[in-house]
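My questions will all concern the structure given below.
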Amino acid sequence: MNTPMTRRMFLVGSAALALPMMAAGQRSPDSAGPADPELIGNLVVAYRILAQQGVLDGFGHISARHNRSAGRFLMSRSLAPELVTAGDILEFDLDGNAVNANGRTPYSERFIHAEIYRARSDVASVVHAHAPSLIPFGITGVPLRPVYHMASFIGTGVPVFDIRKQFGMTDMLVSDAAKGRALAQTLGDKTCVLMRGHGIAVVGATIPIAVGRSIYVDMNARIQTQAMSMSRNVTYLDPQEAQKVMEAGENRAYERAWELWKSNAMGK
Amino acid sequence: MNTPMTRRMFLVGSAALALPMMAAGQRSPDSAGPADPELIGNLVVAYRILAQQGVLDGFGHISARHNRSAGRFLMSRSLAPELVTAGDILEFDLDGNAVNANGRTPYSERFIHAEIYRARSDVASVVHAHAPSLIPFGITGVPLRPVYHMASFIGTGVPVFDIRKQFGMTDMLVSDAAKGRALAQTLGDKTCVLMRGHGIAVVGATIPIAVGRSIYVDMNARIQTQAMSMSRNVTYLDPQEAQKVMEAGENRAYERAWELWKSNAMGK
Amino acid sequence: MNTPMTRRMFLVGSAALALPMMAAGQRSPDSAGPADPELIGNLVVAYRILAQQGVLDGFGHISARHNRSAGRFLMSRSLAPELVTAGDILEFDLDGNAVNANGRTPYSERFIHAEIYRARSDVASVVHAHAPSLIPFGITGVPLRPVYHMASFIGTGVPVFDIRKQFGMTDMLVSDAAKGRALAQTLGDKTCVLMRGHGIAVVGATIPIAVGRSIYVDMNARIQTQAMSMSRNVTYLDPQEAQKVMEAGENRAYERAWELWKSNAMGK
Amino acid sequence: MNTPMTRRMFLVGSAALALPMMAAGQRSPDSAGPADPELIGNLVVAYRILAQQGVLDGFGHISARHNRSAGRFLMSRSLAPELVTAGDILEFDLDGNAVNANGRTPYSERFIHAEIYRARSDVASVVHAHAPSLIPFGITGVPLRPVYHMASFIGTGVPVFDIRKQFGMTDMLVSDAAKGRALAQTLGDKTCVLMRGHGIAVVGATIPIAVGRSIYVDMNARIQTQAMSMSRNVTYLDPQEAQKVMEAGENRAYERAWELWKSNAMGK
């Protein structure tokens, strides 16, 4: 009864499967060399954690910069996060070309990652998510602000990227380098950028930091929504308080929580 | 201790079990022939997914048009979605008559499905659900609108069917052909129709599309409710943006997510 | 490490364990005879279902009238619902005296059940719960009303019992016959009665009906709260519509859902 | 693939791992002697329960006063609550010095516990949590008040500690004795103290009472938020009613629920 799905199930309009692939004759870029197996292992764990914590569902992704080259990053082939294994991790250059696709389909929004790595040398991991709690902050004009110390990383503000401003009417996806650059510009030097009618991108200097920020920016959004339903006079963290939390190590780089998240995500 | 329930447990009023059955002497319609086992398998998976994702509980159902005849569709006997297996799938004609009931009770609201298949040749799968997030949109006059690209399929609007307008005081169920036709007329060429004080019907060109739309219309309702609690100035997806998402393949026909949903629904 | 708790852990104030026990010398009432094992089995299933569905947590209870005597009912000894087994079911008379306690502690609020059975010959099962969704309706003056057909059983209204009106300042518990009688009077001929600052009591002609109503009155409360946050103009089910749903068999006496709930509650 | 994390993963800024350790040459305090194994066992169970019930996530902690000395308390080394075992429990004096750390890192906020034990001889267990439901009550000025009998322990009010008043701009953590003392002073003779932009501290005369209060203050916050969204005229428990519940044994010292919580928390 548990028969495998055939592609026929999904062949509705011709557009549905017109995946953005490398043009015929175009050569794959050279690899930066094999990535650290531990890095790949932790990237896989991160996919599972973000699914298990409800930040990602069947869509969204996380990447990590390659340990051998600042010009390469690692990300799964197009796959639901909870199903990602080490064998699904591909290497990309900063133009979004896969080194080793071998016919595997990349995520169409890999340009979010590529252009952020290009613009931000301090970033070594990027998350893109559609977490429900965050969508309202991209479409209401209500600024996302830190309700508690766990979200101090948004103490300097969360900008909102509206793809319509520069690109007019689109399918909302950041599916080429120009859109990725515009998103990276809106992100600036911040930790998170909301995407109007779409989701969020979150960055970090390590995988656990990008994961931890994704989990707590989601939690902060839930709490802020509740607080705003109770009162219009909400006292947010003072920017100086947020800065002091960051200087003190930002929730200890999420080390304590990562151990738990990993245990829960991989144990099931 | 885990004794089976007897019907005595449920025999309260005589009306309770007056199920709408075929009148004595009426002949079952002929079968269109055996359905594709993969189609039946995927329909069973769809029942489990919709239960596992919280779109359906002990009530509600999904159907698929028969692969051999546009005038036949497949749906479970009256059973809680999470318990459906291949052996429970019945074949119906568009008058809601079962080909092969063999004493098994059909869902009383099969006319929702029958009349939508009759009116919409582009539809090959129909879901009927009571998802809690959606009920408020049927009883408040607040239009359900897309908060993000994942719900672009409601970019042309979601009509509300009020059974009272044409049928006066009823038991709220779409339990005959006339009520099914009225619902299908309100649906028109849209993807979803809310039912006042009852639930929703969602359609698609494939099972995964009907399932994916059911999951994301539910998610959209949750997000929209939160957004509206924060601000009265919500920026919804522009109709042109929604159209472009649809033209680009509507979330890739939910292929990536289906693989995950199926894995989670069947693995447990 | 998983050492058993000793009573010392809980011995804080002397009042904590001053359980209401039968006075010395008082005789236990005679039994009405052994209850139907299937009835006991279903009562145990009902405890588990209500816990698994989140209607009960560590507190609250369900009872069933004895199949041999209208003057007896069955209920667990004082125990968290999820832990109840057939061996924990005690028989009580309508004064709340246990037939067969053998030193086992009864729930202090058994008088809710006793006095409803005394007042309502049509009732064969009673639930008492503190479900969070329902508490606001007992303390805001906002009437609980049916948002959809699944909650038609509250179409005639849900009265609110305020223990303070008749009994002044209390510990809020319905822990004697007088308080139970007052609650039963407020319930009147309805299906549910809210208890201000405390919870709800729900009745039914069978165990599955009392369970089904408990689950859907909780769901209705959640939906109504959401609907009210979106609009002050909510269209509730018309009383005539609710009545027609009831006449048509009230969600088929929850037979379809019971099978699922039981499977989920007992399978884990 | 499930490779262990190395510390390199978390080494971002030098501040991140500048854990507050005992100064070189400083001697550990003497032990009060081995703690009752049952007490340690129950403390471990409490960590698991609070994680399983969603009061704690990867952060937060619970402690218990040592059974041999009012000047000592027991608490896990710095570890996510769900992962705590008996071997992780350390003994501390009321200055927050570990008796038996052996290189293990203590929680930086152990001073919350130490100073409450110093100030409150009636307290034998302390919880510190960041439960999302509670954060809004620390930042909106809306008082947390009992919506039902289960939360009678807040009938005398819940004060809010604002670290900024006495300490100006900080990293929000109660990471030294002076801050712990200020928090204990704000707590006064109450059962709970909210911490602005941070969380809550909850105390009890036993572990189950501290755990039960933590669970129900969280639940009360959720319910109160819902009630306030429905009406501005909420009837809270009368202080006299709350007092009578407390005098009657405060939910029977949570004995019935503890048995369930423990079963669920340790069974998985």
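Think of it as A, B, C and D in the order they're written, each chain with its own count starting at 1.
As a working rule, contacts are C-beta pairs under 8 Å (C-beta built on N, C-alpha and C of every residue); 3 or more make two chains touch, one makes a residue touch a chain.
Quick caveat: nothing in here was measured; it's all calculated off a predicted structure.
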{"item": "Same-site or different-site touching of subunit A by its copy subunit D, using the half cut", "value": "different"}
{"item": "Chain whose average C-alpha position is farthest from subunit B's own", "value": "D"}
{"item": "Geometric centre distance via CA averages, subunit D-subunit B, whole Å", "value": "47"}
{"item": "Subunit B and subunit C, separation of their C-alpha mean positions in angstrom", "value": "33"}
{"item": "Touching two or more other chains - residues of subunit A", "value": "229"}
{"item": "Chain contact topology (line, ring, star, complete or other)", "value": "ring"}
{"item": "Sites on subunit D touched by subunit C in the complex", "value": "37-38, 40-42, 44-45, 85-86, 146-150, 152, 205-209, 219, 222-223, 226-227, 229-231, 233-238, 240-241, 244-245, 247-264, 266"}
{"item": "Subunit C residues within the subunit D interface of the complex", "value": "1-3, 5-6, 9-13, 15-18, 57-59, 78-80, 82-83, 130, 132-133, 135-136, 139-142, 164, 169-173, 196-199, 225, 228-229"}
